[in-house]
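Below is one structure, written out as structure tokens, with a few remarks after it.
A, B, C, D, E and F label the chains in the order they appear, each numbered from 1.
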């Protein structure tokens, strides 16, 4: 019964891509640890680029510089 | 000084229902462990059904099938 | 399919008390929002008192003062 | 490579204030533990006042009372 | 710069299995969303079976029943 | 009433350093957003180096290489 939380910046992930993340994470836990997919939860959090910082600055600022 | 985080799918919980969750969780910690309600935090996260997966598929897909 | 995370300081909660937290939180989600207990997860984190701060000081320090 | 998650109520924090939180948290980890800012993540979650409870009631209710 | 948190029950996952989870989750984010592996974090939490509940009971109790 | 969660690798942070993190994070929220220190929570998680991955490998492996 694993629980997987994936946090990404909110930059246009589609429902299809999210479905691929859900499937892939569920399969990973099944393959590596034999976990039952029926009780595997995957929750995706999409975080505004203003609210995500790395190296002391927001992703919004980094994106403006082309990073 | 407990901290309780409740994650549910975003499917129309009302402010009154959220208040009931806050009250109920606070009371539970008080009754079971004698925790002081004054310093009990409850945070509710409502997650889009596209972003919540179980058994390898999103809740959006499951809801379409009537689950 | 709710997910509930309860964080408390590590100060001797027994397996029976943890079971009461699990039951109580599961029941709360069922009563307030009609959530299915079969797919309700409850995860309890017990945090060392050195690692939990409130009002700018650790719980270890507060406990020494009798709080 | 620390990870810092800051949860605050959604009550109008500006991008500049968020940038200050990101900078301040990154600097704190560097000063206290010598952590490399390049691999320090800071994620800010802004939570609706209906969804944050303290002392058994939502912040929405508390704000109406002037707290 | 994704962040992935995997919670599993503490039941003997080896360092090799954890390494596989880290690699697999990092690769998944790269393949689905083109995320840079260099700034992908994966954190694995191993939770005592007394502290993980599903369907209103702890995993400890479920394991005793053979589930 | 902010909540701050700091995750670091478990590599010998002392109670004094943890206290500095608690004080620093509490002060940061007070200075930037005027938050009341009395209701600011800081929780520090120390994660085993086997359980923390970056760039597709565990910190244990990275430390062996001198990173």
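We adopt the following convention: contacts are C-beta pairs under 8 Å (C-beta built on N, C-alpha and C of every residue); 3 or more make two chains touch, one makes a residue touch a chain.
Here's who's who by UniProt: A, B, C, D, E, F = Tautomerase.
If you're wondering where the values come from, they're calculated on a predicted model, not measured in any experiment.
Listed by label, the chains that touch chain C and also chain D are A, B, E, F. Among the remaining chains, the Cα-based centre furthest from that of chain B is the centre of F. Chains compared, chain D against chain E: the Cα-based superposition rotates one onto the other by 180 degrees, nearest 5. If you average the CA atoms of chain B and of chain E, the two centres end up 21 Å from each other. Each chain gets one centre point, the mean of its Cα atoms, and the points for chain A and chain C are 25 Å apart. Looking at chain B, one finds that residues 1, 3, 7, 21, 25, 39, 41, 43, 52, 54 touch two or more other chains. Arrangement of the chains shown, judged by which pairs touch: an irregular graph that fits none of the line, ring, star or complete shapes.
Pairs of chains meeting the touch criterion: A-B, A-C, A-D, A-E, B-C, B-D, B-F, C-E, C-F, D-E, D-F, E-F. Listed in rising order, the residues of chain E touching chain D in the complex are 1, 3, 39, 41, 43.
In the complex of the two chains, the chain E residues touching chain F come out as 15, 18-19, 21-23, 25-27, 37-46. Residues of chain C that touch chain B in their complex: 1-9, 13, 17, 20-21, 24-25, 28-29, 31-33, 35, 39, 52, 54, 59. For chain B in complex with chain A, the residues that touch the partner chain are 7, 47, 50-58, 60-61.
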